[in-house]
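Labels run A, B, C and D following the written order; every chain starts at residue 1.
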Amino acid sequence: MELLLQILWSSIGVLIAVAYGLLTGGIVRKLFARIQGRVGPPVYQGFIDLGKNFFVRDNISHGPMFYFGPALRTAGGVGIFLFIPAIVGWAPGENFSFAGDLLLVMYFMFFGSLGMALGGSAGGHPHTPIGAGRGLSQMTAFEVPFILAVIALVADTGSFSVHDLTLAQAGGFLEWNLLTHPFAAAAAFIAMLGMNGYAPFNVVGAPNEIPVGPMTEYQGGFIATLGTGRAIFAIAKMILFMDLFLGGATSILEAFIKVFVIYMWSVAVAAVFPRYRVDQSMRFFLGWPALIGVVAVLLALF
Amino acid sequence: MTIENPHVEKETQLWVGPQHPGVTGNMAIQVWLTGDTIQRGITHVGYLHRGFEKLMERRKFIQSFPIVCRICVPEPDTNEYLLAASIEELGGITIPEKAVWLRTLVLEMSRLASLVQQIGGGAGATGLGAVPNWTYTLRDYILDSFEELTGGRVYHMYMVYGGVRRDLPVGFAERMEATLRKIEERLPYIDKVTFQSSVWRERTQGVGLTDPAWVKEMGISGPAIRAMGFARDVRRDFPYLAYPELDFSVITSTGGDIYARMEIRRHEVVESIKIIRQVLQKMPKDGPVAAPIPNVFTWRIPTGQTYVRAEASRGEMGYYTVTDGSDKVRRVHVRGASYVHGFAMAERMFEGLNIADLHPTLVSIPTCPPEMER
Amino acid sequence: MGVEEKGKVPLLPSGVPVGSKPHATDSTLFAQGRPKPLSLDESVAFIKNWFRAQSLNVMAYGTGCGSIELGPLGTSRFDMERFGITGGPTPRQSSVLIISGYLSVKTLKRVIRSYEQMPNPRWVVALGSCTINGGMYWDSYSTIKILDQYLPVDVYVNGCMPRPEALIAGFKDLMDMIKRGEANGYIEYQNNLDWYRANQRKVIKDWNLPEYSW
Amino acid sequence: MNEFVQEIQARFEVLWSNPQRPDLMQIGVRQVNALPLLTWLKSNTGYFILNHFSAVDWIEDGEFQLTYLLTDYAARRSLMVCVRIDRAAPTAESVHHLWPEAVTYEQEMFEMFGISFPGSPRQGVDLLLEGWEDIPPMRRDFDTAAFAEEAFGFRPGRTHTNPRDRVAIAFGQKGFLHDH
């Protein structure tokens, strides 16, 4: 019974996360528009786009793998969300956090690009392998500083549970890992720029180079699924960062605010930067951010 | 017997365009890739072919004006000037002093609008969404001035044989000055996110290189040649209209890469603003704006041929005009700057280029497809 | 059903002249009775069409000189994104095809391919005089003159070239038509494919396409 | 400029010369002399840039005129070299080995005028048109209006194409414009 109740609560959590992700996406579009001197779309435009994509009449498919890609990507986002505590200390918000959830979540991180690579390649379009190759290589690059940052935190706390890592920062904002582990936080937040897929690390889906990369052949319902996946992926990643570095959240409102603030970090960077080529972004992530990550690990170990 | 390329099976063929957000207009580039690197590329045009030159052979001299200004859309006035100048030269018409200055003003305004747009395009090509938004608006303010002066927003048809259609409206100079100030105010912001941005510099410096040795082989012109250190500018080398009396400098750079070409444009915007201010200041206050010409319905021009050139924002543009004593031109051939840039030069530049740098390179040259195929 | 003779009003097989709208009659001008509640099908159609109208993706294909005004339209002066109109980078993800001015035969072939790659429902907006009757290129050997013989046009925006304000008005019209369920060019294209194909074959002599990758 | 023409005259036969402008000299040469002259100009003088290369159809004379425009940017002068070739069998020597941009000029001229340049790369490859079956469109004897009416047809309602008729209709045949 308790399990069933938890499933119910978590399902509601997923819906809220999707809605919040779409809303945040709309706010981001509005912000970009404002910086560019435009009015911008209404903040609820993300919902309309989602609905419209579901109402596209014919969807062309390229075999079972083609369906699998968006599903895998969405599953990755849902997976991250389900296995980390969104709200610490409140049972419905704890989701399915368990002792080794951090490892599982790191694994789910790969799902986004992997799903696109697998599914898009089934379309047989030459843009897809180029885009997927870019996405995967860029991901391996930004995973390095992020994993180093996580190792530093884990080495210091001695636990692979996000729940424990969050509880370790419970004594007010001075205990946050953002302040107690500044090097780890710096490495992780730089890696987040790459994860979010905003400029300067958005060459994977860049419309005027390889038009939208791996998603070239997707349309209609697939795009809607991908949009849902993207929304929940973004929010789940922000929740992970909130849990790891900003001391988690004890109420829904706090979670909303912290997620939004973390989201804005990558948006603020994205607004005024052009995009790197994929080799340049790899060189970037394996340079200073990786070094900062190594320093963080060394500080945690000694 | 042919020698087989051992790598031929490892190449991916890719069409960039014509339906592609990243090409400069309706053209296509067929590239062969190894990994991310372009081995070779071919420019394909013809998607915008309208047969202008044939249509002009069927129209009387005055009827050609609405046609020629559509040859290059971002900068129509150069085409109008070149047609007017060719026919005036062959028909023996001298334009009054005031018309000379008004034509200079319009040419320079269209150059400015085009340059501003190209800066935005160069930034947008690397994924910087803010700069195109700003520069398109700045261009729109110039188009507003055009609309006030000529009645047309994009296509002006302001010049006629013998001069221009009308004088400046009252208070035009002040409103133009306000527009120029707006552009000047925005330039530091553009500098900050492009020319001073480390990401943008890394993206553009040393990329899309041109070889100075090509200058001896091809008729490269405009920012593309000035980025290689050659101070070649038709306004200076073959002075026309009021340019000899104006004070401006020809900007050069030595990089030969995307950054150098875009930097030249950025400085040329300043020069262009300077020129417009001088023109508005030095322009004679009154006098006729057009010389009388024969009846346009029956005007016949004796046999002759000429080549007139002018500096567009992309480089040297020329009209080869032949008349045969009838009331229509015998032949007009439009030599756009893009013709050399888009085929011979670009196809050499593609070799060894990263596929992600293709679009910034194309924008920086730049190419204007309707000019290549007319 | 073959190609109509030249010089006559081009008729679709349904007998309705191309591009004509029904004239206002008593039944459209005056209410015939009390408004009826929508049936379930009508409600679903209304919701679908509302969503479709509020989110249009314009395919990034500048087929002619009118595409120069799409720049100002998309950027901060006129900003079409505030109406929910965004760019679609590939045909698969686009719903509106803008034919921006004259269309040369070579481009027509690519446009047809792009149009047929777009998922239904899809709409065509044609700009400029050149798409309506050839405009100033009426005697050109390279451009087609009457676009709606080759593609089903939902909205014409006239002028050479139409200003961004006119384009916005055209998009607003298209949105209203979609909401009312009147923008059915794509259904017409499916139903009269033979007629359109015959017209297309008449001008496009060489149907070989290179191995395009979009 | 005249000295330069005499210098050319000393080497090649110059049929006519015409100083159109101080910075633009036009000369006419025989077809056999064209390629040697261009090669000489390219390698020995400052006129090594090919600005423009096109053809004119002189259908009355049964000839095509090829026009090469070479520019000396150091001296700021241009030289227009005109060559007449036979219209019935239009063939000219390719200059693509001298100037790489001539490849597309020659490709375009083959397509638009039917002038062939043996040895030129991409000769016969479509540049602007696709599946063209009629005579080359830039020839004078190609009637584009008749072709357009035949191939595309016009939308009904357009009865007149001459602006004078339009004015006459608008002003009720009042003779708004007088005939001359």
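Everything below uses one rule, namely that a contact is a pair of C-beta atoms (placed from the backbone, for glycine too) under 8 Å apart; a residue touches a chain by one contact, two chains touch by 3 or more.
This is a predicted model, so every value here is computed, not measured.
Put simply, the chain nearest the middle, going by average C-alpha positions, is B. More inter-chain C-beta contacts link the pair A-B than the other of C-D and A-B. Averaged C-alpha coordinates put the centre of chain C at 39 Å from the centre of chain D. Between the Cα centres of chain A and chain D there is a gap of 61 Å.
Between the Cα centres of chain A and chain B there is a gap of 44 Å. If each chain is reduced to the centroid of its CA atoms, chain B and chain D end up 22 Å from each other. Annotation for chain A: residues 36-38, 126-127, 207-208, 211 touch two or more other chains. For chain D, residues that reach two or more other chains under the stated contact definition are 128-130, 137, 142, 144-145. Each of residues 60, 75-76, 87, 89-90, 106, 139-143, 213-214 in chain C touches at least two other chains. Chain D makes touch with chain B in their complex at residues 20-21, 23-24, 26, 48-52, 54, 56-57, 67, 69, 71, 73, 76, 78, 80, 82, 99-101, 103-104, 126-130, 137-138, 140, 142, 144-145, 163-164, 177, 180. For chain A in complex with chain C, the touching residues are 29, 33, 36-42, 45, 48-49, 51-52, 54-60, 125-127, 207-208, 211-212, 215-220, 223.
On the side of chain A, the complex with chain B involves touching residues 32, 35-38, 126-127, 130, 199-200, 202-203, 206-211, 271-280.
Chain C contributes residues 6-10, 105-106, 109, 132-134, 138-146, 202-206 to its touches with chain D in the complex. Taken together, the chain D residues at the contact with chain C in this complex read 128-134, 137, 142, 144-145, 147-149, 151-158, 161.
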